[in-house]
Every structure is written in structure tokens, then in C-alpha cells.
Amino acid sequence: MRALREFTKGIIERNPIFVLMLGLCPALAVSTSVTDAVGMGLATTFVLVCSNVSISIIRKIIPYRVRIPCYIVVIASFVTIVKLALNAYLPDLYKSLGIFVPLIVVNCIILGRAEAFASRNGVGLSFMDGLGMGVGFGLGLVLMGFIREVIGAGELCHLRVLWKGYEPMLVMTQPPGAFLVLGFLLGLFNLLHRNLKKSKD
Amino acid sequence: MFAAVWKAIGMPATKLRSFMGGIHPLKRKELTRERPIEPIPLPGKVVIPLFQPAGKEPRPIVSKGDIVTAGQVIAEPQDGRGVFVHSSVCGKVKKVGRFPFPAGFFVTAAEVEVGEGEKPFPPMERTPEGPEIIEIIRNAGIVGMGGAGFPTHFKLKGAREAGVEFLLVNGAECEPYLTADYRVLMERTEDLISGTKLLLKASGAKRAYVAVESDKKDAYDRLGGMVPDDDVIKPVLLRAKYPQGSEKQLIEAVLKREVPAGGLPADVGVLVQNVSTACAVHDAVAFGKPLIERVVTLSGTPLKRPGNYLVRIGTLIEDLMEAAGPDRDNIGKVIVGGPMMGFSMSRLDVPVARETTGVVLLSRVEAEVEPSHQSCVRCGKCLYVCPMFLPTSEICIAVERGDYALAVKLGLENCMECGSCAYVCPSRRPLVQWIKTAKLFAKKVKK
Amino acid sequence: MSPKLAISISPHIRTRETVPRIMWTVVLVLLPAGIFSCLNFGWHVLSVIAACVITAVVLEALIQKLRGKEITISDGSAVLTGLLLAYNLSPALPIWMAIIGTVVAIAIGKHAFGGLGHNIWNPALVGRAFLMAAYPGAMTTWFPSRLAGAVDAMTYATPLNVIKQSLPQSLPSLGEMFFGIRGGCIGETCCLLLLLGGLFLLWKGYITWHIPVAFLGSLACFAVIASGGKPQAAVFAICAGGAMLGSIYMATDYVTSPVSVRGMLIFGIGCGIITGVIRKWGGYPEGVCYAILLMNSATPLIDRLTLPRAYGEAKRKVWV
Amino acid sequence: MDFGELMSIFIGVILVNNFVLSRFLGLCPYIGVSRDTSSAAGMGMAVIFVMTMASAATWFVYNYMLLPNENNVLYLLFRKMIPGITPESFDLSYLETIAFILVIAGLVQLVEMFIAKFSPALYRALGIYLPLITTNCAVLGVAQLNIAFSGQPFSLLKCVVQGAGAGVGFMIAMLLLSGIRERLELADVPPSLKGVPIAFICAGLMSLAFFGFMGLKI
Amino acid sequence: MNQIVIYSVVVLGGMGLVIGLLLSVVSRALAVKTDPNVQKILEALPNVNCGACGYPGCQGFAEAIAKGEADPAACAPGGQQVADEIAEIMGLEAREKEKVVAIIHCRGGSKCGKAATYYGLESCTSANLAGFGPSACVFGCLAMYDCIHACPFDAICLDENEMAVVDREKCVACGKCIEICPRSLIELVPVDKNYHVLCSSKDRGKAVTSICEVGCIGCTKCVKACPSDAIHMEEGLAVIDYEKCTNCGACAEACPVGAISFFAGKEVSTV
């Protein structure tokens, strides 16, 4: 039961992007299309789950003072694995994700979960936590990607979805669009959050 | 830079001295300008405030039921800064207690029922010397009559100790409507010159300038005709601009000297005194007459006979108004002082104090205030007009959001509340109100 | 008993200038340029202007209603934003794009920050920059000048386009450019009318000379230097593109420009130089809009660095 | 070395491809530390400093330890011990991510300690921002960009210039945003947009303004 | 393949070793003293240095908490767990309630007449500056509620007469309202005393009755009624000496206008 809660909390209640506001760089950079967003989400989830699990396993043998460098090395190793795998099997995706694949290392959520959760909890819970956070992150990316791709290109996963004469609003796929979409989504989440709170009271 | 542009767009090069910033409000001085000083009949009672803005409030030495004569001391100073307070009329003390004061708070005052027994003040036999004059001024209860009410003897003492070079006699009278100082300049020129010489003697200053704004050129000419060119007293003509009459701005305009923040005019070797104060000094030294009456401008459209009246200190505003024939139904606002810095009154049982320069009445139409709370559009107009060069808009935005610490950092305390900013603000923001409130709040927060 | 007295805090008299008065005056002095544009580019222009103004006003009222604030559309600021945005659009722009631009200008540029007085960027320019990024094609399709006698609507370029892309087309003479007989955005062509309006505002004291003079002056200097010392390059730089419209009506926007004199000079010079740099080396032919937006971003910092030195204080700390 | 080329790299990375506004690198500190101007200035200085140092350090690590060439340290070390070995055997370029993050983390820590000891004033101004930079993706990003997507690896000088330029660009964007946010503190922003959301909207509009420099060629 | 693994290990291990050694040597050599509390908080924090809290890194955040400037719950990655740990380190405890509470010596509110029309900011301090404010009583409450805005504990609310009253349960006697009130109407009184003079007017009887239904008219009936001699007159206003007051309520019964009333919670009740 607890495991399930650890999983679900990452999706809405403590969504990494919209609530914790962590890992925003990739959220903006690779949400130009849903395909990229899914790819990035999966890659991050993989790293998150693996690092959470391994850190949870070794959490008792790491000296307290050097724990952060140790976590970074663990995370960097998994990122390297993801990077090599993507390069080998999905070269197109790898190319379009660009430097943001290696930069998963410095994604704040991963280190954050390692420190705040995996280093204090058992393997199973850490796994669920990583999975939940990763999925939450991925869903956030997909939401952004969906908005930006549909409006900005009239496409979804690179397939035309809007009517033929639709003039794509190019700015949405560009940096200003990314910032604005995220800004307003954050505002929307704030609004929902407050309304929820109000109705609870 | 400004001067160059001024010339470039074909404006006449002007020699009139002035300061940076300031505004040109509608002056409305024509209402009372040509009205000579005229005494009003004695009222039924007067309320003589013992208040003074610096130092401890003087201690009353009369009590209920005492009979007093005009010029009799009714309160004694409690410290070196304080001055004596005199009864302005002959009569019987009815109450010594707390009474409302024009600035919006309660002060100790003595209520005197007016009776008989007025006597003229005979001329004094000999002319005293410097420090002696200062003592006479203190005994005569003379305070700055331009509006601030700061004890004159204390200012003179400070100036004498600091060794000031110049005495500025302030006849700028930049507030709209007010013409009391102008009438004093025109009608009591000789007394003014005599008073100025006494002040020079008392303060130890070498030269005196009598500063007059350009819209009172006849007063300047009259003064110029009465003092020889090589005299120690020299009239100067300044550009008519508000707030030219503020001490620091006057010094800047006449002498091009800047008083440091938190400093006094004496720091740059200057002493400033109002023309009415100079005349009061003359009265005190020549006749031994304490400060018991003053010239007050009573002006405004709801009055049938606006004018400049000689009024006993402590006369209530309602009695004063009677003298000018008020149109009671059309009075929208009663302002003690000028319309730029004066206080509006919710009640008329407040007395004329020693520093009350005028009472201005606005009609119902004129008194209407657009209650606007539009946000600041950052036009910057308040910055150009601020004679203290404060970032008024920023200060008020900080105050509006309750950040008093920021407001103080931006110079809140330096504001002299001249109101130029609020006058020009196109968003009609209550800038002065914020600043006045914030000064109180900031003091409380600091504690 | 006589009626109650009014009480308030000094000053008890006020100037007659108010924000609505200023806004409507600016709207008024801008109108001739719009009428000229109708003559120059045809009546489609009118519908673009109308679309922008109406959208702006309706949207502002709607947002203020939704937020439960007082509705202030009568102060003229929404009308002015709509008008200025329309003046910055291509005369050939489809109406629906103009509406999208206005929505962005009012909703994101103005009300996301809290409405008049709180916005950081000039809302009209936010709308224009957004459209420029969203629909670059439509925003750079131009109508030829009818007054110049052109009938061929197929390919036309503004003078700045001609320079930038080294098109074989001939440039209008400097005189023609000054009177506005050339292609370009709706409101930017007729320098004469814009200048007259600006002088009127200057005379009324609604704007000061600092920003326009610093802007145009630095732009002219930049153009002369960049062209290797040709004085006519200065006139060309000022009359071509939106420099006149931008410097007099957009850069001087109270809310988004610095308040102090020194700040305004810095702001104006910055605008002029950035415009020059973008025109000379950038990817776009015109840079006025971006220059003003960039300097808008810097306005809070400029304001902070150029706080006036308070009377009687030796030096003010910059980083308060 | 062609000065013009260096200049165009420098200007380009500040204005055209600003790290924050067009590459989305270093957003966490960009949003987090831009609430007031003085911390933004401190953070900006620290980022310029670390980015420049890190560009140089990672260039050495990459070229002398990871790339298979004649100068590879391992190759030089082992070529006597193992006969017939070629530089190609030492192709460790896949280790770049781990190596870089290690180097950067170590570097930052080292710099921090040095400053703390030798210039307490500078430490108070910069020091507190330094740990924040280890996990700043802008720093790792500049190291990655230096090697990865420029066709062939940059020369040391170009790397340093790009690093410094990226830092300067970061600082400019940060200072501008901090000024704006300080002003917005006092603005009537709709409650649900207050704080981070409006900061992102500001960043978006700033990035829109920076579009003006698109295609800038000097 | 085998070789490459070895080389990887050598490179990474070597680098780790070198950097680690270097750092440990340098950290010994360059040790700088720090606040132990900051260190403890820093250790409790996730050390992600994400900046989400708005402070420059975990170090800056820890320092801010140690100074009491930051909210320990602001750490997004740490969440509640970390917040609790920090709270423990800081030893934050619930504030103990004082034995005195604030009381506002006026109950005029909308019952007080208006002498003038006030234009300006809704603030008592501001209005009081504008010629004694709009209310007819120059002693009483201006009803623009600076005290309500000043109260950090939401302990002042409005009653049915639009008069500000102190909620005794919430009041902690911090004194903020006393500072802010421009007419000094607020005073701290013992929480166990229930009868108070809810008026500050020093005017005479007639002047009071003409503007206020519940103002003290200075009739001295309460002084006579008080069995423990706890009430005396000061400038025409009744004043209760709380040291002598026995909560008997005789004064409230005697008061003809209800200026002395029972007040123990939120509600004023006239006897």
C-alpha cells in the first residue's frame, strides 16, 4: 500500500516539474515534440529508478561526508549506459535530445531523490519512488510536448493532426514558447492547487 | 544642460535665481494681494496653544480663574529650546487643558475669556547688543512664523555658535493664495529692515539678503528703494516657483549652497528667517511687545471679503472666518496654512497659532478630491519636480506594499512633504499621504 | 447645520493632467498616421487597426472582470496598446493574426504582470515580437505604397529589406521616405506626421526629449559610422523602418522606460545602438522592436543605477 | 589565432545562443537565485569564474586522458610497458560524462576552499554560490558543448572563450531577470502567477527580445 | 575489451584518487570555522543545491535558517522529513501565551457620528493626519483598522458595529496594535478581568451624548457603585484599577450608557 502511494505521489501531488519545479532544463529543452518528450522521460525514469535502487542498496556503506560524490558517480554511470544505448539503438532520438542526455547527470530530481529518499529508505520503496517520480517527470514532459507540438507545428509525434490550412505558430517550438507554456502551466497548477485546498477547507 | 536647451528653444535667458525641480501651480494670489492688513475685532475667547515643535512643551503658570493681561507670560519654557508664551488678550483664564491643534493633534492650551484692559506697548529706551537680543527674543516668545514654528532664539544661538556668514530673510511666500508676507513686506518695510539688522546683530552674520519671488516685484523694488546699494541688506529677486520658500531651496537659489542631508542651514553658514519673524523681532526689541498677534491671509472663493488680517494668537478659526464673511453653504474645505502643505480641518474650534500663515477656504467644487488608487505608471514626473531629488515614485511603491525599510533606504526621511509630487501625479496617487503615514509607521517599526 | 467639510492630506490642489487625458491625447496624435496609412496601403489597414483596438479593449475589460478588478478601459491605455500594435504590423497581415497578437499583448504583455503600471515590457511590442516569431512569413509580406504609384502587389520590400538583402529594387528617395511614400508597417511610414505628433506631445509635456533624441541620435551616429562617414545614412536610418514610431511613441512609454533623466538617456542610447547593430549585422532587417524590448528588460536595473542623488547627500549607494 | 573568430564565438554565446534563454541550461539557479540583484550578481560572477575554469580543465582531461591520440597520458605511460600498443586502445571518450562531472565537482570544491582561506571577502560574495554550481547543468553543458557538437573539438583558447562567454551571457540574463523580479515583487501580479510562474513568463519574453539577435554575424 | 575495462578503472580510479587526496589535503590546510548549527542543518539538508528554495544553494539556505530568516519547509527536494529534522535542530517551540491581552478602549464603530468627509487612504494613521479624521469623536476609534492589518496573529476582528475587537483566544500580547493605533486606544489588560471601560472620550457629558450612544459621560456612577474602590475619574473618564478589580460587575450595572461592559471573549455584552 505504501509502495503504491510512493508511486502515485510523484505523478500529481509532488510532480517534479510542476510542483517541485526541479529538472526544468530538460523539461523546456526536449519538449518540442512528444516523441522527444517520451524518449527523455523514459531515459530519465531509467536512470532515476536504477540510481535510486543502487543507492538504496549501498546506502549503508557510503561514508556520510562523501555521499554526494558517490551518488554523482553512480548516476553518471547509469547516464553513460543510457547514452551508449540510445546512440546504438535510437540514433535519431539521441541526436534530437542532444547534450541533454549526458546532462541527465545534473538533473536535480535524480540527485534530489537519491539524497532525500533512496539514502533513507529500502530498495522496494526507493524503486517505487524512482518510478513514480520518473513517470511524473515524463508525463510533465509529454504534456508540455503535446501543447508545444500541436500548436507550434500542427503535429503530434511528427504526424499532422490539425486541419490542412492550419498555420503553425512557430514560436511555440522555440525557446520563448517553451518558457511561456511552462510559466502558464505552473500558474495553472498553482490555481488548481489552491482551489483544491479551498475545497478541502 | 537645461540652460542650453532653454536657450536653444528660444526662451529668454533669465537671470532670476532658483533651484532645481519644483512646480508652477495656479497661485490665486490676486484674491488678497491688494488687501491691506486690517485688524479683526477681538473675539469672545481665545485658545492659546503652548505647543512648540522642538523641545519640551512650556509649562503653564496660570490656572483656571486667573486674570491675565495682554502680553503677560502664561507659560514658561522647561528647557533651553523652549520659549515663553504670553496671553494675547486681557481677560480671565477659563481652562488649561488639552485642545485640538491645526496640525491634527491635541496640545496643552489655555482658554482665555476676553475682557477689558488693553494697553499699548511703549517704545524701549535703549538698543541692546547681540546675546541680549537673543534673550529678548526668547522672552518675547518668538518662533519661526513662516510655518514651521521653530524657536527663533534657539536658531539664532546655533547660528551664532556656528559663525554664520549670511542671513536670508525669507519673503518668497511660494504657497498659492497666501499674501501675508507680501503685505508685511509692502506695509512694514521699515520695521522689516530694522528687524533684519537686529537679527544680523544677534546672529553675527555679515550680510543679509531679503529674498522675494518675481511675482512680488513691487515689494522687491520698494525694498531696493529703501536700502542703500552698499548696505549690508540686499534684496534679491527669485523665480516664482513652488517650493521656493523652503529653507534649503531658498539657500540653493540665493547662495548656490547645498545643506547636507540631516544638516542645518548653519552647516553651510546660513541662517534663514521669515519676514514676519523679522518684524516680530523689531516689535520685541523696540517696544518690548511679545508675539501676541500676527498677519494671517484669509482667502478662498467662499469668502466675501478675503484679505490679510491682523489676528491675536489663539483666535479660533470660526471667529476668524466671521471677519471675512463666509458663504457657509459653499465651504467645502477649510485649510489651515497654504493649499500645498496646509492641514484640512474637520472642526473649526482650532486656534490660530504663532506659525499659522493663512486660512484658505475651498468651495465645494474645488474641494472635491478624485479618490484614485491607480497604480503608478512610472512617468517620472514626481522625480523631476522633487526639490529634494528623491525617487518619490519608488518610495511610494515601497510604502504601498508595506516595505518601510526600503522606503527609508530610498530617502523617505529626507522628504519635506512639499507636495509637488502629488500635485503633478497624473495617476492621482496620494503620494504625500503615503509618505506622511510611512514616516509614522517607519518610526514605530524601528522601535 | 452646514454640510460636512471635506478633509484630506495636502496638497489640496492638483494639476489637471491625468493618465486618461495623456493616453487619449497620444491616441489622438497617432490617428493622422493611421489615416495616411489607409491612403498609402488601402483599406485593409483600417480593418487591422479596428481588429487590434477592439480586441484590446474587449479583452482588457474581460480580464479585469475575471480578476474582480475595476474595469479601466476608459483610461485609453488599452486603446493605445491596440493602436500601437496595429501600427507595428504589416499592412498585409490577416486579421486573425492581428487578433492573436493583440491577445498576447494584452493578456501576456500587460495583465500577466498586473495591468497598467506593472508591466515590464511594452505590451504592443510584445505582441509584435510574438507575431514575428510565430508567423515570420506573414509578418514580412509587404504591400507596396499606392502613393508611389505602385500597382504590383506581388513582391515588395521595405527600404530596410532592400538594403539587407541587396535586392535589385530601387530605394525611395530620402524625401519620399520622410513623407512616408514607401512600404513598411502600418503606422511607421509617414515620418512627418509622427514627428509633428511627437512635437505636440513634447510641447504638452507628456513626453520629454531625452529618449527620442538619444535613440535617434545614437542610431544616426551609428549609421554614419557604419556607412563609413556618409551623412545621408543618418537620415536614412531615422526615416527607414520604425525608428521614428518606436523612439517617439513606444520607447517613451512611461511604464517601461526609466524614470530619471540619466536613465532615459542610457535607455535611448541603448535602443539606438542595438537597433543599429541588428540592422547592420543581425538576421532581421529591422531591430527597433527588439531594441526597445531588450532595453525594457534592462529598465529596472537602469532605474536602480540611476536613482537621482538626493539633495544634500554626497553619494547614493547603488545596490540598495 | 583569429581574433575575429574568437569574438564571434564570444558574442554568439552571449547574445545569439544565450545559455539560459535559448539553450535552457542552468535554469534551476537562474530561477532560484534571481530574486534579488545582489545575489544574482554574486551567482553570475561565480558562474563566469567556474565556467571558464571548467572549460579549461575539461579540455585538458578530454584531450590528454580520454581521446586516443599521441599525447594521451595513459598511452605515454603504458607504451613502454606494453610493446606494440597504439593510442587507439585508449579511446575512453565514452567516459566523458563521468570524468567531467568529477573534474568539475573537484574543481569547484577546490576553488571554494581556496577562496575561503585567502579572500574571506570574496568568499562571502561568491563562496556561497559555488556549491550550487557543481550540479548546474550549464557548467557541464559548456564542457559537453565544447567537445561534442562543434564538429571537431575546439582548441583550448576557443573553449575558454566559449566558457567565459557562456558565463557572461548567464550573468546578463540573470541580472536582467533579477531586476525585473525585484520590480515584480511590488506589482499586482495575479496570485496564481506569483513567484516562479511569472519568472518563467519573464524569461520567455526576454528570450523573445533576444530573438532580435538571431542570425547576428559580426 | 579487457584492456579497455582496465584502462577505464585506472583513469576513473586515478582521477578519483587524485582529486580526493587533493581535496582532503587542501581541506585540512584551509580549514575555516563555521557555525555548528549551520553545519548541522546543512547535513540535514539534501545538499542538492538546486536553488528551489530561493537561496543560493544549501549552504545559503542553512545560514538563513540558522539566522531565523528562512522557513525550514521551503526545501522542495527534502520535503517534510527534512523540515522536521531542521525544526528539531533549531529547537523551535510553540510560543507560550502571556497572561495579558489587548483591549480596545472604544466601542463606537458605526455608532460614532461623522464630522467630515475623508478622502484618502484607508488607514487610521493617515486619516488622523488629515485634520483629526472624519469621525465626530476625536478620542475614539477611526474604524479604518490599522490594528487589524498590524496584528500578525489575526487576533483582531470586526463586530456587528464595524468596530475592531480583540479575540482574546488568539491575542498573544505582542503589542503591535498598541504601537500602530494613532489614538492610543489599545492597552494590555489581565486576561482574567472581564469588565472594562470601553471608551476613551475626555469630552463632557453633553458633547459625548451628541455624537456617541456608548461613550463615557463622566457621571461617576461607577465610581460610587464599585465596592472595592477600584474606579476613579481621570479628566472626565472612568478608569479601572485592575489590581483592585474583583470582577464583580457592579460598575457595568451602574453605567447608564454601557461604556463599562462585560468583555471576555469576542463579544461585548451590556449588562
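When the chains are written out, they are named A, B, C, D and E in that same order, and each has its own residue count from 1.
Assume a contact is a pair of C-beta atoms (placed from the backbone, for glycine too) under 8 Å apart; a residue touches a chain by one contact, two chains touch by 3 or more.
The structure displayed is predicted, hence computed values, not measured ones.
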| item | value |
| --- | --- |
| Contact-graph separation of chain A and chain E, given in steps at minimum | 1 |
| Steps needed, at minimum, to go from chain A to chain D via contacts | 1 |
| Which of B-C and C-D has more C-beta pairs touching across its chains | B-C |
| Computed distance of Cα centres, chain E from chain D, in Å | 46 |
| Separation of mean Cα positions, chain D and chain B [Å, integer] | 63 |
| Approximate Å spacing (C-alpha centroids) for the pair chain B, chain E | 40 |
| Multi-partner residues of chain C (each touching 2 or more other chains) | 5-9, 108, 114-115, 118, 130, 133 |
| Overlap residues in chain D, where contacts from two or more other chains coincide | 28, 31, 95, 98, 102, 105, 135, 188, 190, 193, 198, 201, 205, 208, 211 |
| Chain A, residues touching no fewer than two other chains | 21-22, 73, 108, 111, 171, 174, 176-177, 180 |
| Touching chain combinations (by label order) | A-C, A-D, A-E, B-C, B-D, B-E, C-D, C-E, D-E |
| Of all residues in chain E, those that touch chain C in their complex | 114-120, 126, 129-134 |
| Residue numbers on chain C that touch chain A, as the complex places them | 100, 108, 130, 133-136, 138 |
| In the complex with chain E, residue positions of chain C that touch it | 4-9 |
| Chain C to chain B touching residues, read off their complex | 2-3, 5-15, 17-19, 21-22, 72, 75, 114-118, 209, 254-261, 264, 303, 307-314, 320 |
| Complex contact set, residues of chain D against chain B | 185-186, 188 |
